[in-house]
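Consider the two complexes below, in which chain A is the common component and chain B and chain C are the respective partners.
Up next is the complex of A and B:
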């Protein structure tokens, strides 16, 4: 797979540049992980010796645990709802309908709008209606406005690529619309659906700015993390961050394994688009 | 007779089999349309309405006025902060694209060994929370941070540098770092789609590597490049986390000003006005990019 630019001189130059970028990407995170074992009260140096006490404290911290559980529950619901709604729209987009262009623009707009704008807009609206912000109302809806478009963009190419004649053939042979969907279309687009669900899960699990304005007095893990790094940064913050990173990457790794069982690993990576 | 009946039913049944899912259209579209109408369109409309009210010490003054817009125009502070945020965001976007493209090209077209592992390593930060990735710089750049400690220990400096953190430099550095995966991933995906045979053909026809790049690779990767540019720019212009954590007073951006109106300053109508300005600024820049590469091409690469 050598392109015309793969001459050895150019390849070396590109390779060295890429290595520098990998170092740039990983050095801060690795430093943070190392310092999460620092037996000292500051988040930086000096090195006060190795300890696991920050991890013990974090794992025993009820606030952190509850924030983590809220994050996971919210991300699961966001992931399921976004993928269902995204699938619906993707199916509808296979045919012409009035207002299709408008719908597409409305779907793309939340992606082109700075997160803070829609977050403060939503909280203003809720406030006007006299409703209190919280995890399962404002925060959930705020996440969905952001994740449903991603789900649609992930699922649509797969649905679009699928030959409608195959479904037409099934229908001609007497299969009802549900049977056609469940037995013909769904198995073919399942990897895309799973990739989209995985992606929406991590979008929601990691979401911060929207949540900050919309969650009221409750916590998700990023919100809890934010509160400790603003008020009391200690190696415990680095420990919580490290655990959160491990969880995110673990979920993605599990997802990729599940998908690569279907020889769809690359497609799952592509699900990260956007 | 039964046989004949089923035969005669054949015609309409066939015709109904294909277009009938029109009936499902409403079901497929309504939830999302409702979601976007109620929680995207309505909030924007509410903010637009709010921007004509002014907050006073007695509460919200409900006689419509252009007061917020007059404040916006008459006090140069707000225009300057918008320009500064635009300048930072454009700088960050250009830097991210300049760093991302060669790496993405290398991964898509040049790497042969350990390709999957290298891909996973470059994709992994994409899945890691950006608050955490911003925070990761604080133990590095702080007064007692790793950079200062190393420089002190090696005798390069004799007192800790304060300029590493809490200024515009640290904001740009960390934003480039945080948004880099959002540049690399879409560019990689668009380069990966380019058929290598096209490159071979262009070389066989006598094109220099540079000519092949300019005339074949670059145009074909334009959707990925535009997608990366839009994503990074929108994230940067609306940034709140990075300037708040590593920016200090001199690194403040428009997003922080907006957030203040909904927090300490408690001036929601002014915050709504500022939010609309930010949204328009972001959309204006997007529109410039979209004139070169249509949005549908960027977002619906199928």
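Up next is the complex of A and C:
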């Protein structure tokens, strides 16, 4: 006997519900992508026919290109520096010491603070210290303050889970501290490091609030996007946004490919040998 | 003339404390070349710390570690010619079995052709010649254990340390690995020092046993010496089973609690005052009430409380007239016929099987196995 709500009925309801969630999540992006091909002057309807001129214009626009390059460079540096710092702190947290739990929480707490508060705090501090706003000074620091806790959260679990006996075994077999790190620990935590690098890259690449306060007269892509939305809202803005989303997705896809490629490679190796 | 040999490993006056707790006190131990020596003790006795100090993972607060005559106290583990088999094997999870075993040789920049050859020999030695391409996660516990052994032995260390090497294996595989370890030790002739809390394992494997307790050495000797002539009540209780009886000595004459004279081994004089008298369960012989004991035999009247058939042997538990619980391990010939719970019996044992300690030994917090069984 079936219950009052038949099993297949419930499944259908949940299915529809899930589809609604997906639509809700993706409709804004799809709208933007579609409108980036709209041959009209403003963002939005009416539909004036299909065109790729906004893409051509954006790609030829030196300001947009520079903003994009600044964003990529900044994101690369932020990604490398914050992953290195995150790794260093994660290694420091392997030891037991007094107040360890408190220190751990203190490291994660900034994630819960509003970005705008941190941005204002920073610009005030840098100002007091005589540091002028700019891409490679205040903006870089501001991004690092934002991303280092995320880097740590990606790396620490892997470092923490690693059995120190395995490193002791390597030392016992004649490996000095650096060799132990390079041949034993690093290969095992590499997925965490990659995930951290990827995550910090996209966090920095998309960051807006902090950058707005900290960048001064320079541009990143989100800042440039914001400025043209304010001053000259044409479908070119949609084209730039679409390109930016594509780029972010490409980076994530590359990262995932690297991670799964490593895993597949190992599995294939084990299969071929075993 | 006795040939003076240089010990492979010398631990001299080792002291070690952690956070104000003394873990090792004045521990000295010499391990001779080719010896298979066991460090036996309950958890917390300091045996693992002693092993870590020998390997170089811990520094002693004071004392000296010598490896083949050379002072290595301040030498880090990666520069000591000593290798360890870890309790949980600690194989490198991201490397094949071959790369695991080759790891030490590659650190020493051994030529690839020689690496291949020596790894092959080491794998053959532990009976896993074809396992080179396998990944550690595909191996059983016993196989991982052997790979860990091959990975250490391939480096031809002066001394091989084994930290509870078999404790993670189930009983049947453990028995087989005991035999394997002994065979491998005989084949390579390397000095083995292994740490265990399992007295049976120590007795089966080791040429000599070091019994540790509370950070100090209780006794060093062959399995036979330790079993037959334990130096302290702790050793007597920790290695094998022991029946403990109360006694008293006055003017060189020892008596049991029932007042009967106690015959001691030749040349042993009892300490004056209260005594702890020990007899191994298998040294007790059950006789009918009224049986006469031999001239050098001790006798104790008791009542059977329980009989447990165990296959090759039978355990007879009894209570003496003075209230002490005793266990007697009997062969099939000893318990023929009319033994039943409630039967009055006479327990006999040879003077040579009697161990006697002063009462101070009794107060050192022993686990009195004989009385736990009641």
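Heads up, the rule we're going with is that the second predicted complex is superposed on the first by the 249 of 274 C-alpha atoms of A that agree within 3 Å, B and C clash if a C-alpha of one lies under 4 Å from a C-alpha of the other, contacts with A are read in each partner's own complex, and residues count from 1 in each chain.
Here is the rule we use: contacts are C-beta pairs under 8 Å (C-beta built on N, C-alpha and C of every residue); 3 or more make two chains touch, one makes a residue touch a chain.
Predicted model only: the values in this text are computed from it and were never measured.
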| item | value |
| --- | --- |
| Partner chain(s) touched by A:43 [first = chain B, second = chain C, both, neither] | first |
| Partner chain in contact with A:163 - chain B first, chain C second, else both or neither | second |
| First (chain B), second (chain C), both or neither touched by A:187 | second |
| First, second, both or neither for A:25, with chain B first and chain C second | first |
| First, second, both or neither for A:179, with chain B first and chain C second | second |
| Contacts of A:217 with chain B and chain C, given as first, second, both or neither | neither |
| Chain B versus chain C as contact partner of A:96, first or second or both or neither | neither |
| Chain A: partner with more touched residues, chain B or chain C | B |
| Touched partner set for A:62, first chain B, second chain C, both or neither | neither |
| On chain A, positions contacted by chain B and by chain C | 168, 171-172, 269-270, 272-274 |
| Residue ranges of chain A touching chain B (in the complex, touch as defined) | 1-7, 10-11, 14-15, 17-18, 21-22, 24-29, 31-32, 35, 42-46, 85-86, 88-89, 91-92, 95, 97, 103-118, 120-125, 127-128, 141-142, 144-145, 148, 152-153, 156-157, 160-161, 168, 171-172, 177, 202, 205-206, 208-209, 212-213, 222, 225-226, 229, 233, 237-238, 241, 244-245, 248-249, 252, 265, 269-270, 272-274 |
| Interface residues, chain A side, partner chain C - complex | 163, 165-166, 168-176, 179, 183-184, 187-188, 266, 269-270, 272-274 |
| Chain C residues within the chain A interface of the complex | 55, 57, 76-79, 82-84, 86-88, 90-94, 96, 103-104, 107-108, 133-135, 138, 151-152, 155 |
| Touching residues (chain side chain B, partner chain A) in the complex | 14, 17-18, 20-22, 24-25, 27-29, 31-33, 35-36, 39-44, 46-47, 50, 99, 102-103, 105-107, 109-110, 112, 116, 119, 121-133, 135-140, 142-146, 148-149, 177, 180-181, 185-186, 189, 196, 199-200, 202-203, 207, 209, 212-213, 227, 230-231, 234-235, 237-238, 240-241, 245, 255, 258-259, 262, 268, 271-272, 275-276, 278-279, 282-283, 286, 295-296, 299-302 |
